[in-house]
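Consider the two complexes below, in which chain A is the common component and chain B and chain C are the respective partners.
Up next, the complex of A and B:
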């Protein structure tokens, strides 16, 4: 048998599977977006671009997009800061470093629903640890409802999601850090560079490619987060945390407007793929320039 | 090299903060699950449990549907894991060890799976599964879980395959061994850590999956842990003791699995990210 034929035999099960479970539904979503299907299973008429003009002309989509951008940026800032500090620490030598590198990812391997229970409980006003701690530290005077106001709900969600994801990001950064040759630090030390100087002149610039890749991957991963938001606030209070994935879910399974949901899906996918395409092109261009 | 006092202080101080940030919430939940109800909802919470009871675990195992959810989750996660490995292994071998036209383009295309929200495919998939009678069936969940674990699994196999010298394969080819034999007899033992990493990733993603399980499964008897649990949270009167016991019980399987092969998973994650 020829090698090429065999290679195709090896990849085709996985490819056909992905085509059936992910590819085909994506095509269906596009078709659905040109129809007027309401409840799942009902028949729809071809309506052309009516859904698109309704959604792009309405406010709901744009508001959810704005929340998604806040969500992604908030997560990026908090996670990058926490992950970079963690990665720098895990890149040192100390007793137990191997164990630390393995178990740091604990928050990421437990089910989302467990993360949700943990934080619902810790933040609750009866028995939760966070309120008493904050009162003791003098930051607040009486117990607060973390999901009660629009701003605090979004902030709290971003912090909880970052808590879940920063160890994963940290390990990715650690991979970039271990690639920086140790001789560079040695040479800098001989030249008399201090800790901060070494970080600024060596670590930070050489970590840029890793940070860029993480920026792209992290943006896509955060953007698509659904379960943490849904299980903690269901998009509330009064829609303050309704990001695009939550809006799609609400439209399809609460509002029974399937075609509208499919339209928002298609628009979201175009946005994300456009972002991924432009980001990868920018990265390749930068690599070529180096 | 020797650390200065300041460097040691920032290293161990930072380490302590990370351990507290990650560990404390788990400590509170696990210790909370053995506290008496009145201690759980105490106004000023206790750091170390002052009471001890197994009543929450008893209730969880005897009076709630948790055992059913647990078995369902186990079944779905086990099948998802097996199929992910079965599909990812030959595909990764072809992608990273063989030449064929369109290889790079195909590899990039499958990674696009993570570029759109899962809910996007959920809507059409619901219709598809309804047509073939897979609504309310664990098979539907296995299919979805495998599809979402597969691209990442193939990506992760790359670094493990890279550790095997090509000479070993070439020697086998010279000896006249067919490629399937090379893969099964020679490569598989060498990349066992990679297979373990893919398996644990597939298991964890299936164990955690909420969105699809919440829509594609209708009857209570077929729910998996995430959805079954979410139902308990939503109830008006929250039984924290029960939830904390359930959370503790839901952590155990993944932590046990991770204790066995977590080391390899992390190395697969970090080595793969470099290339």
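Up next, the complex of A and C:
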């Protein structure tokens, strides 16, 4: 028996298992999207492309997609900035750096529900800590509701989610930083390059492969975040934080329009697969050019 | 071994086996949404007692959450893993009835009504399409809660009308204190508080007799307009409030007044616990209305098994639960929140002898009195339309409020939008 055949045989049980638990629900979702099922458990009729036509022709899907893009970009910017700063600090040699590298991951390992409870309490305008601090600092005059307006709700959500996820990104970047040869910095220093020059000419370019991978994985992960948004705002106020995953849940389980939700899921999957395909191609092309 | 002996042994074994099968208890699974540990514990005590007294029936509880059960129950029934008994509120029943998961309980309710006397308003939301779809279990009604000492210090009387209410809330709004705590979240609690305003401005009906939506009318606009005025006197984070935040605001004396089903337990355990100072009153009414009304939720128990043996066993359990000696202990799983739905339950010693109910007797009596004037959106015209399930689940009443307090729309425009949204849902 050839090695490849043997390898395939070894892998096939796991593949079949994956196919069963991932593939079958996906097929079911596609089938559902061509029907008009309402409540789970009820029967539906075949309606062809009617759901796709209604979803793509309506404003709800596009608005939610727009919010998802704002969400992903906001998270990308904030997380990259926080993570890069943290990774650069943790890449230095100072007493306690090992402990810092371990404990920086703390916010990432805290369960989402705990994160939500902590932030809801901190941000509460009647008893929370943030409002009194901002008043004392003279930034605001009276307590504000961080989830009360469209803009502040999305911004607050992005900051909380970034606070939760940036340690993971920072560790990935730190791994990338440790792969940059130290003698490059040494040579640059001898040539008279300052801190900013070394960052611009060595760190940033050599960190690009790591940033690209993080960009693709981070986009997919951020796009699919549901728990933090649902638990903090449930898509509100007035739909301001209703991203595509929240819209799917709302449509399926609050609107009792399971087939429409399946249609949005299928469209979202196509979008994400398209993005992943293009990003992978771009990365491959960049690798080849190097 | 002779044939006769073999047959005798076989017959004896068969008799034993049949006897064993006959003696096997009927297992019932009960889903309820009373998740707090003390409520689960009280249910366990009651179920243990019932199971001990009825060896042929074993009821086990599986607590669920209201936030998930709307999605979880239909999925469970579709997979054949649904419960046999399921707690419900009127709009949830319409959802499950729509997928044929609910069994009518006409005969049982008739018997229980003859014996215990249901409060008609608690039964009405479950009587439609020629059947009764659930057994009322307890009632909840929103009231206005305040501290007597706080009102006295501010020199205001307990408000009865909206103009008095606004004046009182403004007077109670001092540095660091909020005159009133009203939610503005797109969530069920906001649906309930907004509807409490609607019933007090003459906008109780949201359906016409023919099933079309009857939401956009001056009385509804008036209710939303007044609500948004009072909401400005509430904490700024009320856009993410559920019931707990309002209770916490009241318990910490940060909110002067709140609208809530009950605060007794929180007030007793986490605030002063001074029964004489805790005030409760009917929700104030619009100046042009004669008397106060409120939203009331008749919580009930549905029979959700097609198995006849289980149905019979479930009826035995429900009949046992409604006996005054047991019913009072069931209601006081959350003292001062769950109100009786039967005549003899309202007088039950097992209810009034609870130490919290005894301590806050005056407040509980007021709550029961308020609940007599309770209504529920979608269940006021004597006809029930299936779309109320989706309208309620999507919190369209609360969503309409958010268009005013978040998007800055006028009450008239927001209500017009709400009418369109409800009509769109009703059409699907």
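Convention: the second predicted complex is superposed on the first by the 278 of 290 C-alpha atoms of A that agree within 3 Å, B and C clash if a C-alpha of one lies under 4 Å from a C-alpha of the other, contacts with A are read in each partner's own complex, and residues count from 1 in each chain.
Basically, a residue touches a chain if its C-beta (ideal position, glycine included) is under 8 Å from a C-beta of that chain, and two chains touch if they have at least 3 such contacts.
A quick note: this is a predicted structure, and the numbers were derived from the prediction, not measured.
S.K.: Between chain B (first) and chain C (second), which, if any, makes contact with A:253: first, second, both or neither?
M.R.: Both chain B and chain C are touched by A:253.
S.K.: Have a look at where A:40 lands relative to chain B and chain C in the superposition and call it first, second, both or neither.
M.R.: After superposing on A, A:40 lies in contact with both chain B and chain C.
S.K.: Is A:204 touching anything from chain B or chain C once the two structures are fitted on A? First, second, both or neither.
M.R.: neither
S.K.: Could you tell me if A:62 is touching chain B, chain C, both of them or neither one (first, second, both, neither)?
M.R.: After superposing on A, A:62 lies clear of both chain B and chain C.
S.K.: Looking at A:15, would you say it contacts chain B, chain C, both, or neither? Reply first, second, both or neither.
M.R.: First partner only, chain B.
S.K.: For the three-chain arrangement built by superposition, which of chain B and chain C touches the greater number of chain A residues?
M.R.: When the residues of chain A touched by each partner are counted, B comes out ahead.
S.K.: A:149 in the overlay: touching chain B, chain C, both, or neither? Say first, second, both or neither.
M.R.: So A:149 only meets chain C here.
S.K.: Where on chain A do chain B and chain C both make contact?
M.R.: In chain A, positions 40-41, 120, 124, 126-128, 252-253 sit in both the chain B and chain C interfaces.
S.K.: Touching residues of chain C toward chain A in the complex: what are they?
M.R.: Residues 70-71, 74-75, 77-78, 95, 98-99, 101, 178, 181, 184-187, 235-240, 245, 248-249, 252, 254-255, 389-390, 393-395, 399, 402-403, 406-407, 425, 428 of chain C touch chain A in their complex.
S.K.: Where on chain A is chain C touching in the complex?
M.R.: Where chain A meets chain C, its residues are 38-42, 120, 123-128, 142-150, 153, 232-238, 240, 250, 252-257.
S.K.: Touching chain B in the complex: which residues of chain A?
M.R.: My answer: residues 3-4, 6-11, 13-15, 17-18, 21-22, 24-26, 28-29, 32, 40-41, 85-86, 89, 92, 94, 98, 100-107, 109-114, 116-122, 124, 126-129, 132, 163, 167-168, 171-172, 174-176, 178-179, 189, 195, 210, 213, 217, 220-221, 223-224, 226-227, 230-231, 244-245, 248-249, 252-253, 258, 261-262, 265, 268-269, 272-273, 276.
S.K.: Taking the complex as given, what residues does chain B use to touch chain A?
M.R.: These residues of chain B touch chain A: 1, 7, 11-12, 14-15, 18, 21-22, 25-26, 28-29, 32, 40-45, 87-88, 90-91, 93-95, 98-101, 103, 106, 110, 112-128, 130, 143-144, 146-148, 150-151, 154, 179, 204, 207-208, 210-211, 215, 225-226, 229-230, 233, 240, 243-244, 246-247, 250-251, 254-255, 258, 262-263, 266, 269-274.
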